[in-house]
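Just so it is clear, A, B, C and D label the chains in written order, and each chain counts residues from 1 on its own.
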Amino acid sequence: MPFQHTVRVQFFEVDLQGVVFNMWYLAWFDTAMSLFMASLGFPYDESMRDGWDVQLVHTELDWRGGARFGDEVVIEVDTDRIGTTSFTLGYRVLRAGDVLVTAKTVYVVVGIDGSGKRPVPDDLRKALTG
Amino acid sequence: MPFQHTVRVQFFEVDLQGVVFNMWYLAWFDTAMSLFMASLGFPYDESMRDGWDVQLVHTELDWRGGARFGDEVVIEVDTDRIGTTSFTLGYRVLRAGDVLVTAKTVYVVVGIDGSGKRPVPDDLRKALTG
Amino acid sequence: MPFQHTVRVQFFEVDLQGVVFNMWYLAWFDTAMSLFMASLGFPYDESMRDGWDVQLVHTELDWRGGARFGDEVVIEVDTDRIGTTSFTLGYRVLRAGDVLVTAKTVYVVVGIDGSGKRPVPDDLRKALTG
Amino acid sequence: MPFQHTVRVQFFEVDLQGVVFNMWYLAWFDTAMSLFMASLGFPYDESMRDGWDVQLVHTELDWRGGARFGDEVVIEVDTDRIGTTSFTLGYRVLRAGDVLVTAKTVYVVVGIDGSGKRPVPDDLRKALTG
């Protein structure tokens, strides 16, 4: 079962078209990703302490509908793919069970010392494989 | 030659990693798109008056680098593809000539009366084909 | 007892100084205000249906400290003052019991038909007096 | 004559009320402040190199009107007051010469080494006094 994070659409996230402006979905995904990683045992401060961080190299979003002010939406996060130095998470935004948005983001693991890409840590790989 | 819109990276757009947080690129693209459309003769209020608007159905971004506080970056916008009821714009974010981000967004033309998809207006099609 | 709304500081809300960028406090207050109003029986869609809305005319914030990424902070909302056509809400942002920020916002009640200011509705006045 | 920074209201800054959501004024002021400081000879990276930064301790805003999508607005910045360890800047947001918003922000000068408040540097004091 995918990790779930629930948000209520805020007033300022809604634009003149009456739906959530596109960039806020990326904000939601980032927060859901942080919570997902923490749920796997990799909170941000710990991975930093271990000397690695992740960088986005690719993200894609498909909209079927738009969330509206006050809507309660569920953001689902799941592992999509794990490569050598990167992993891909899949996202779904649901309102009352209907999928509004699907998305994928590719994260590359990098050293925080500027050393560049490094292999996905074994324990993270195991946790993401779940 | 693609349409160009220049922005200077603002303090609040930069996150703890020292680079522009991912969602702000979508904000930049949206503003660049508005200005591009206006430059073609289709400012937002006029298309609204003509009864149509556009909705994002897909967007994808690829990062090669991240912009930093105070950087002056150029956002290039170009027509990528025109379909029956949708069109695709391509975006490039450049700093000092280097490409930091490339992106594509697919827009569907819809009636503002809730009538759903409609063909890309002929004059817009012509203007986008440029 | 004041109304309370809890938020967890998100990654993108934190700036290069390592603390929440100032504007996000206004975002938090707006959401806390919406929830406070709903808790009093005045959700946004209902006041709109009743023909009125509120406009900010003044806000002031005092910072004693800054929230950091991952902090869980409580936003307290309380009625500060009720005038003829306006009311003032007080806000406090607390982390582990410590006050980080205090704020006040003055809202004017206006007709959504463009008729301008109108008296604070009696039932809202009663609810705010609590 | 006050320092001036011009912005065009972006689509995502406008909320369901049709006007710029309150928090974005703080974003504009922050950017205008950075440019004002740079114009005085104190760009952010230089003050950081000199070991000091500023922290907001107070801000207040008064709205007379709201900017709308596409509006070109001018943000004026001026020195309001200089204290021992703090200084206050005044802001005005104008559209076609009409004042929409006035604001004041108090900044405290702090060491970036965590040493706390320090006197406003003499050269900054002189530049702010203009």
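Throughout what follows, contacts are C-beta pairs under 8 Å (C-beta built on N, C-alpha and C of every residue); 3 or more make two chains touch, one makes a residue touch a chain.
Model, not experiment: these values are computed from the prediction.
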item	value
Chain separated most widely from subunit B, comparing mean CA positions	C
Interface copy of B-D among A-C, A-D or A-B, judged by whether over half of the contact pairs recur	A-C
Where subunit C and subunit D are represented by their mean Cα positions, the distance between them in whole Å	23
Centre distance in Å when subunit B and subunit C are each reduced to the mean of their C-alpha atoms	33
Whole-Å separation of chain centres (CA-atom averages), subunit A against subunit C	29
Residues of subunit D whose C-beta touches two or more other chains	11-12, 21, 23, 27, 30, 69
Residues on subunit A engaged by subunit D in the complex (per definition of touch)	11-12, 14-16, 18, 21, 23, 69
List of subunit D residues in touch with subunit C within their complex	17, 21-24, 26-27, 30, 53, 55-63, 66
Touching residues on subunit D, where the partner in the complex is subunit B	8, 10-12, 27, 30-31, 34, 43-45, 69-70
